[in-house]
Structures are given as structure tokens and as C-alpha cells.
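Structures follow.
Each of the next two complexes has subunit A plus one more chain, namely subunit B in the first and subunit C in the second.
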Partner chain A sequence: MDRKWWGLAFVLPVVGFLAVFNVFPVLFGFYLSLTDYDLLNPPEWVGLDNFLNLLDDRLFLTAFGNTLVFVLGATVPVWIGSLLAALLFDQGFRGKEILKTAFFLPVLPPVVVVAVVWRMLLHPNGIMTWLAGSFRGVTEIDWLSSTVLAPAAMIVVHDWAVIPFFMMIWLAGLAGIPPELREAAHIDGASPVRTFWHIELPQLRATAVLVAAISTINAFQTFTLQYVMSADGGAGGPANSTLVLGLLVLKYGFQYFRMGDAAAVSVVMFAMILAVTALQLWFNRRAD
Partner chain B sequence: MPIKRGAQPTLFVVALAAAVVFAFPIFVMITSAFKAEEEIQSIPIHWLPHHFQWFARFREAAEFAPLWRYFANSSLYAVVHVAATVFFGALAGFGFAKYRFPGRTFLFFFVISTIMIPFQILVVPLFIEIKMFGWQNSYPGLIIPGMMNAFGVFMMRQYASDLPDELLEAARVDGAGEFHIFLRIVLPLLVPALASLAIIVFIWAWGAFLWPLVIVQDRSMNVLAVGLTNYSQPYQHAPMWGAAMAASTVATVPIACLFAFFQRYFIKGLTAAAVKG
Partner chain C sequence: MSRRSIIRTAVTAAIAVVCLGGSPLARAEQVTIKIWMHEHPPRLPIDRKIIAAFEKANPDIKVEYEAIAVADYPTKLLTAFASGGGPDVFNAFSGLVAQYYNARILAPIDYAAMGYADQKALTSLYSGGFDGIRFAGKLYGVPTEVSNYACYTNNKLWKEAGLDPNKDFPKTWEALPAIAERLTKRDSNGVPIRRGFDFDWPSRPVSWLVISSMMHQLGANIIDESHYKAMLDTPAGQRSMQYWVDWANKWKLGGPQYTDSRTDFLGGKLATDCSFGVWGIPQMVDAKIDYTVKPAPRWADATHDNGFDAYAYYMMVNARSPAPVQKAAWKFVRMFTDDAAELFTGAGLFVPRKEVTDLPQFKTDPSVRVFLNELRTAEFTPRVVGYDQVLDAFLRGRDQMVQGGQPVAQVLPQVNQDINSILRREKAKAQAMAKAN
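And then the complex of A and B:
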């Protein structure tokens, strides 16, 4: 056999697999979003109706708003927090390695574990209530049954779980800065803050865009945290305050069997994620 | 931003505070798995178990739901995903890196374009497709759809490109076949990259939640991630926090072991996965 056909033979298993389990379902999903389909009767073509209906679908608008709030809470504080943590653990001090490892621990458990553990910590009479309320004599806080506290708590839990991960990305970026640059600034007597602002941050531009983009994309896809932590067993409660787009896809698809609507919601999610990716590419190109 | 030596104690205190805050929930999870059920939610907190119990919470978890079956299912799921992604990813990465064949550019673009597909857009159509295959509520339906991914190909192609062509030519002169070259020469040289890829795929597979949740109804086929919710919100039963923390600890141990023993590859894998976009 000619050598070039070996190359083709080597890539075909993955290409075939991705065609069947990735590309086909995506195209099928686009098609479904233009139909009404309940899994029993054949799909019925409805054009863009599903998307137009979303515009005055209360549940969708709620989920869309909740997702945007979550994205905001899961990006800005994460970007700043993980950068500060990286700058801290980039310093040399006694006991650094062990403290860095302890700080990194939230990266290890799967998201479900994070959600289950925090569900326990946020029990109305639980440990977080004790930490937050005991000095004021408060013994009960309904963290996950409040329409304000529940979404806020999920943002905090998410941020807690991902900040150490992004710290690692920043640290990799910091390690890539030529040491001469930093030393030169140091010898010139530049203050640490000035060195960071004028020497290091410009070098970290790609990392900064990367952290912003990945944290945004991940936040748009949030699902497991809300599914496990919402007070009414994965329905996005209380009063739909933690209903995010990821949960809505599940609700429409596997609870109401409205596959067309579920597909339309997921197409909207895909569009938002693509927009973030495009923005990231644009930022990176502008830097070159 | 190198800060001068005099600042050392301040830095230490700040880092200590940050580490305590971030490690605290993990600490509570592990200690609770060894406490008596009544003291888990006791206020003020019992920092260490007052009634230390080695296995009681774990046994309770295994009696209430098939914990070890979940563990076995998750292991099977993760091992198949790691093996398939690593082997076929390396094979395709090598193919794209070292061979010229008709349609190469198009096929590579085809593969890479799937990297950006979020799983949420796949879940509904993929569910219908798998149902049509008759794989609903079965191990093939659970395991096969996520078994390979473009990320593995992308990562392996980068590493395979760095291998010197002379090496491959020398093997060919010696009469080695192309697949033999891949198996005996390329794979061993890619081991460090394969290790990072294996770790990141294991982490993804071990934590997979949405797909196992929708495709499997039988309790006996659930993975650990889905099974865990049986303890925190059991059907018509009060939450069993002791069992939940024991099972959560069990679910964290494999990844913690990977981190402890292969820290360098662990960090490399996570970083590579982040940069893929």
C-alpha cells in the first residue's frame, strides 16, 4: 500500500467517529430546532417559530437573564481573584509550596462533589450559617431557598471551584515572561506595582484574554451546579431563580418532551459561545 | 512583581488565609466521612471527628445505594474514554503530522471544528440518535458517544510534528511497516504527552454528569457522579450527609491520587486543555 494511504487510514477512525457522534448530531440539532418534535410523532417543520416563540417565553427569558447574571459573577471576580492568587503564589516565601497545594485542592473533586459538599455546608442550620451568622445570634439562614441567596451562593461556589484552576493558567503565563525583563525593572528601582502594570501585564495579554474567554464559555454552559444545588431537585428553584439555559434544555427536552424548543435553546447557547470565541480571536489578532 | 524580603511574613499570612478558605470545604468533606452521623452538622463545628469511625459512613453509603457498582461503572467509563482517546488520538495526530494524503487539510479542519461544540447542543440530538441505535439505557449508549475527541488529535499532532523525519525514514529502510512504526517508535516517544492527555481525559470522564444522567435510567448502570445525588437528595428520605461525604470522598480519591503521583503531567494536561480553544 502506498504510504499516503496509511496516513488516511490513521486519521479515519477519529474522523468517522466525530462525524457520527459530533457533526451529525449538531446538524440534526439545527434541524430539530426548526421543527416540533415530541419523540412519538414524526418531526413537524415549523421554520423559525421556535426561536420567535422564545422571545416571549417567560421561562426562557428568566433562564437567559439568570445565565447572564451567572456569567457576570463567574467571570469578573474569577479573572481578578485568580490573577491576585497567581501573583501571590509567584512570590518566594517560606511554606509556599504546601500553601499553594492547599489552595489548589478545589480543582480535584468533580463538579458534582463540589455541589453536594456545598449543599451540606449551606444547610439552613449548617456550617456556613454558623460561620456567617453566629456572632449576630442568627442560627438559621435559608441559603438555597431564597431567590436572592441561592443564585448568589452558586456563583460563590463556582468561583471557589475555578479560581485555583485559573490561577494555574496565570502562573504558566507568568513563568513565560523572560526573567531579564523583571530583573531589569527591579534594578531600575521600579515598584512592584509599576513593574506589574508596565512590564508583566503587557506580556500576559494572551493569558488575560484566554482566562476571560474560557471562564465566560464555561459559565454559559453551567448546569451541574444548578442541577444538584437547586432546592427543588434540579428544577432551578426557588421560583426559577437558579434556572439557567443548561437546565432549561434538560427541562424542555426530557421533562416536557419538546425537543424542538430544547434544540432551539441549545442553538442560542451555541451562538453565544461562538460569539465569545470570535471576540477572543479578535482580541488576540489585535495584539499581534 | 517580586516583592522585597521584608514582606515575607505578610505574604505568608495572606497565603495562609487564602489556602485555609479554599481548602476548608475539602477538609470538611473528608473529616465528615469519618464522623458519627449526629456530629456532622453539629454547631459549633467538630474540627476533627469526636467519634472517629473508619468505615461506618462508607458502609452506610454502600447499603443505601450500590456505591461500589457506581465506582466500577465510572472506572469502566473513564478507562475506555482514556484508552480510546489516547490511542486513536495519537494515531490520527501522527497521521496528520507526518503523512501527505488527499483531503488532509479538509479532514484536519473537520476534526478541529468539533472542538468548539459545547456538549449542551449535542445532548438532545445525540439522545435521539442513540435511541434510534437502540442503545438507550445500555453501556454502549453510555460509554461510546464521548469516547474520542478532537482535542486529543490536536494535542498529539503538535507533539508528533516535533519527531524527526529521519527516525521514521531509518525505520522504513530497516523494513518496518507504517503501523509498526507507529506502535514501536512513535508511541513510546510520545509517552510524556500521552500521560498528560490521559490525565485530562480521565478527569473529564470521571466527572461526566449530563450525558450519564439522561442516557441511563437503570440504577445499576449509573456512574458515581450521578449516583452521588442519591445521598444528598434521596427520594422520600432525609439527606444522608455522612454517606454523601463518604461517597464524595470516594469520588475524589482517584483524581487526588493522579495529582499526588503525577503532578507535573496533571498540571501540563490541565493547562494544555485550557489553551486548546
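And then the complex of A and C:
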């Protein structure tokens, strides 16, 4: 047999696996987004109707807005917080490694465990109420059943859980900066802030793009925290204040059995993530 | 391989085929019915017992039985139906049956297969319970449970507050807050550490059912089932919703921030709960609660003397199953539903059949009698197509009013509009299906 046929024979199982379990579901999802499908009856072709309907779908618009707020809260503070933590742990000080390990701990448990634990901590009469309310004599705070506090609480928990992860990426980036550059700046009398701003930060551009891309994609895909932590058992409450696009896909697909709408929301999510990532990459290339 | 060993292998294989598979002729006569039920642990041994008896009495029918976790059950049913499969016999909550009916999944009852002369011969055995499964005059299932809620009091907590449920239990919604306040224990900040009474806020079906009952008492419906129309934005709807808002925000007697009322009642953190059915009695006994059961409060100016709405579980047959399988399935439904007395005594599942209401408990236990009396005047919870979507829209509105502090008059028209748009969509689908058929 020809050498190239042998090569094809070897890659065929993997290509087949990817085609069946990756490519086909994605393409089928695109197809479903153009149909009206309720599981009980065969899919009916509706063209772009599902996408057009989303424009005046109050549930989608609410979820879209909530997702944007969450993305904002789960990216900018994470970039700044993780960079500051990395700069701190990039310094030499006593007990640094122990402290760094302790700081990294929230990354280790699965998100669902983090969510369950925080749900208990944020009980209206729980530990966080005791900590936050004891100064003012408050004995009950509706952390997860207030339309204002619930989405904010989820952003804070998310940021708490992911900042250490991104700190490690920043630390890897910082470790890659040639020490001579810092030494030269030091010899020239540059202050630490100036050294960071003019020497380290430009060197961290590739790391910054990576951090920004991963954190943004993750934030857009948020689901577990809202599903587990919300006071109404993952329905997106109170009053849809924690309904994000990921949760809406589940709701449309497997609670309302509106598969076409669920697929359309997924396609919109996909497009948003693609656009933001492309923008970040373009920005990075342009800066080069 | 020697010739002898080849012959031995061939003979062994032939015997195995005959023993394991049976003859082709015998197999052709055998019918297999697939049964799916939601998991209710006390009922499972009864299910298995009935199935064994059924297979013994009908050697030509084989039963494949599966009990599925309650949370997964509706999704699993729909995905199975979607793939063209699904069970031949299944049970479902009355709130969900309309979607199966609209999708032409429900087979009308085959009275002959069940051994009844006609519809009357079946319904005459029951004193109610079929309203949730009657569509255009035809019946599509048989009740395996008909349930309604009533109010359980924790007598110890009532006594502590100097109250006696038999004398002091409020007859009206208007009188309830004052009694609940007397039963409520608050901390120094006024936060209830034990509530006198509270609604089951986290439960969507219970919230829906209670509001619907309050509206029924005022002579209104939450949904006009036959016209696919929401009726929440009516004086009765506004008054009922305002009561819930005031309960949490004005009287501060409870609210959605608390865990489900059933858990709190069984844990002694709630003095009164109105979200248990007659099936709650064993749970009271297990939790060692000295209890009294009282009827639901009514509005002082109620036009209808109903308690909480009734709901049911029905055993139904898949219209897409082959005709012989459907016949066998209805035969099974007959045998299962004939065991009503055991389903009540063994699993607490009540159906209003004579052999159940003739049980000694109904004559001696005043708690059970309260449920039965309430059931006589109860309205059936409306069957809603797009049940989950409608309940979500309703709860979204409730939360906007209670937790978001938005006025009832402002939110209810929007909720009504949301529900109407869901119902319009479902109606259009139903009409398209009817046209296609």
C-alpha cells in the first residue's frame, strides 16, 4: 500500500471520532437553529425566524444583558486582580510559596463544589451575613434572593475562584521576561512602577491576550454558578436577575423543549465569543 | 476439531436456541409492553408485585418496567418520544398531560381491552379525578393518584403560642396574618427565626397551585384553558398576588429567602404548612410531629367554597405503540388501577374509589376526612400547554413584585402578556398538528 494511504488509515479513526462527536453536533446545532423542534414532532424548517424572534424575546434580552454584566464583572476585575497578585508573588518574601499555595487553593475544587459551598456561606442567616452584618446589627441579608445582590454575589464568587488561576499565567509571563531588562532599568534609576509600565507590561502582551481571551470565553460560557447558587434552583431567579445565556440554552432546550430557540441562542453565544476573541487577537497583532 | 465435537457443538447450540429464544411461532404471539413510572419509593414494591401478578395472569404479555427519578422523568419521556421510542405505558402529572395530548401521544382509553363496557362503567367506580385527563369529551388515562393540599399545624408550636388549632385556626385569608404573627418568633432585629405560616415560595408548582386556588375562591381562573388565555391580570389575580407581596414585604411573615416550607415544617421551624397532601401523614409520623389537619383558608367574600386545587397523576398509553401492544397496555392499566386500596395503604396514593374511601382510616381519622371533604369542592389545576414556560413567567413576575419591589398593577399586565404569548405559540402548534393529521 502507498505510504500516504497508510497515513490516512492511521488518522482515520481520530478524524472519524472528531467528525462524529465534534463536527456533527456543531453542524447539527446550526441546522437546529433554523428549525422549530419540540422533540415531540419532527423539526420544521423556519429559516432565520428563530434569530429574528430573539430580537424581541424578553427572556433572551434579559439573559443577554445579564451575561454582558457578568462578563464585565468576570473579566476586568480578574485581569487586574490576577496581575496584582502575580506582581506580589513575583517578589521575594518570607513564606511566599506557602501563601501562594494557599492563594491557589480555590482553583482546585470543581466549580460546582465552589458553588455549593458558597451557597451555604451566603445563606440569609449564614456566616457571610454574620461577618458582614454584625457591625451594623443586621441578622439577615438576602444575598441570593435579592435581584441586586444575587448577580453581584455570583461575580464575586467567580472572581474569587479564578483569579489565582490567571495569576499563575501572569507569573509564567513574568518569568519569561529577561532579567537583564529589569536590571538595566534599575541601573538607569527607573522606579518599580515605571519599570512595570515601560518594561514588564509590553513584554506581557502575549500573556495579556491569552488571559483576556480565556477569561472572556469562560465568562460568556458561565452556567454552573448560576445553576447551582441561585435561590430558585437554577431557574435564573430572583426575577431572572441571574439568568445568563448558558442557563437560557438549558431552559429553552430541556425545560421548554424549544430546541430551535436553544440552538439559536447557542449560535449567538458562539458568534459573540468568536467576535470578542477575534477582536482581542486583532488588537494584539495591531500592537505588534 | 473432530467430527464428534462438531456434532456436539451443533446440538448444544440448537438446544440453546430453542431454550433461550423459544420457537418462532411462540415468539410471534408474545407481546412486550414497556412501562415507565416516576420514582416514588413506597410505590416501587407494589409496582413490582402488580407486574408479577399481571405476567402470571397473562403469560403472553411480558412487562419491561423502569422507574425513573422524578427530576429526570419529564425530560426522559420527551426525549424518548422524540426518538420514536418511549414507553407503551407511562404516568404523568396532570399539569403536563396537555402537551402529550397536543402531540397526539395519548391513546384514548380502550374500554374493551380494559374489560369495561364503556366510559361510564369505568368512571362510576370513582367519585372524581378524571377532569384532568378529559379532552373533547374523551378520556385518555386513569388516575393513579388524585391529590390536594390542606394545612398541617404543629400542635406543640401552636400550644407554645397559646393557641389551639381546633379553635383558633383562621377560616379566612384575612385572619391568617394575625394568627401567623402570634406564632412567629423573631430575633432582636425583627427577623423571623420561626415562622407561623408561610407559602412554599421555592416550589413553582405549589406557588402556582395556591394562587390558582385563591383566584378560584373569587370565582376566577388563572388560565382560561379552552381559549389559551391568561387571566392573571384581573381583580382576583391582583388581589391574590398583592396578598403574597404583603405577606413578605408588609407583614414580613416569610418570603422567598426561606428554604422550602415542607422541610422547615418537618424541622420545627414553621408552625403551619399548607403544601402537604394526605401523603404527608407518614412524614408527620416519621418526624414525630403532633399535628392537626385543617381546611385551607377562604377569602372573607369568597364566591366559591373551594380549598386548594386538585392535581393528579394519570396512567396513559402511547398512541404510537402497535395496536396489540396498546391492548395489552390497557389491560395492564386495568390491573394496576384496580389495586387502588393497596396503593393508598402502601404508598399513600389516594384515588377516590369506593374501596379506598371505605377503608377504616376514612371513617376514623379526622385528618384524612379533611382532605376528602376539601377534594369534593376543589377545582382542578388548569392544564397548561407549555407548563414550564408558563410557570417560569408567573414566578418571574412574582419575584419582580416581591423581591424587586415593583407594583402589582405594573407587573401583572406584563406577566399576562408573557403567558399569553407562550399560549399563543402553543395553540398555533396544536392547530398545525391538528391540520396535519
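Going forward, the second predicted complex is superposed on the first by the 280 of 288 C-alpha atoms of A that agree within 3 Å, B and C clash if a C-alpha of one lies under 4 Å from a C-alpha of the other, contacts with A are read in each partner's own complex, and residues count from 1 in each chain.
In this text, contacts are C-beta pairs under 8 Å (C-beta built on N, C-alpha and C of every residue); 3 or more make two chains touch, one makes a residue touch a chain.
What you see is a predicted model, and the numbers here were worked out from it, not measured in a lab.
Clash-free side-by-side placement of subunit B and subunit C is the outcome of superposition onto subunit A. Once the two complexes are overlaid on the shared chain, A:240 sits against subunit C while remaining clear of subunit B.
Residue contacts after overlaying the shared chain place A:54 against neither subunit B nor subunit C. Look at A:145: by the touch rule set out above, it reaches subunit C but stays clear of subunit B.
Once the two complexes are overlaid on the shared chain, A:85 sits against subunit B while remaining clear of subunit C. By the touch criterion defined above, A:225 lies against neither subunit B nor subunit C after alignment on the C-alpha atoms of chain A.
Once the two complexes are overlaid on the shared chain, A:254 sits against subunit B and subunit C alike.
Looking at the shared chain after the overlay, A:38 reaches subunit C, while subunit B stays out of its contact range. Between subunit B and subunit C, B touches the greater number of residues of subunit A. In the overlay built on the shared chain, the residue A:21 is in contact with subunit B alone; subunit C does not reach it.
When the shared chain is aligned, subunit B comes close enough to touch A:169, but subunit C does not. Taking the C-alpha centre of subunit A as the apex, the lines running to the C-alpha centres of subunit B and subunit C meet at 80 degrees, rounded to a multiple of 10.
The superposed three-chain arrangement places the nearest Cα atoms of subunit B and subunit C 5 Å from each other. In the superposition on the C-alpha atoms of chain A, the part of subunit A touched by subunit B in one complex and by subunit C in the other spans residues 39, 125, 139, 233, 254. If you check the complex, the residues on subunit B that touch subunit A are 1-3, 7-8, 11-12, 14-16, 18-20, 22-23, 25-26, 28-29, 32, 40-41, 43-45, 88-89, 91-92, 94-96, 98-104, 107, 110-111, 113-114, 116-129, 131, 144-150, 152-153, 178-179, 182, 206-207, 209-210, 213-214, 225-226, 228-229, 231-233, 239, 241, 244-245, 248, 251-252, 255-256, 259, 267, 270-271, 274-275, 277. Of all the residues in subunit A, the ones that touch subunit B in their complex are 3-11, 13-15, 17-19, 21-26, 28-29, 32, 39, 85, 87-96, 99-100, 102-114, 116-121, 123, 125-127, 129-130, 134, 139, 160, 163-165, 168-169, 172, 182, 186, 192-193, 195-196, 200, 210, 213-214, 217, 220-221, 223-224, 227-228, 233, 245-246, 249-250, 253-254, 259, 262-263, 266-267, 269-270, 273-274, 277, 280. Residue ranges on subunit C touching subunit A, taken from their complex, read 75, 78-79, 81-82, 99-100, 103, 105, 187-189, 191, 202, 204, 255-258, 386, 388-389, 392, 395-396, 399-400, 403-404, 418, 429, 433. Residues of subunit A touching subunit C in their complex: 38-41, 58, 124-125, 137-140, 142, 145-147, 231-233, 235, 237-240, 251, 254-257.
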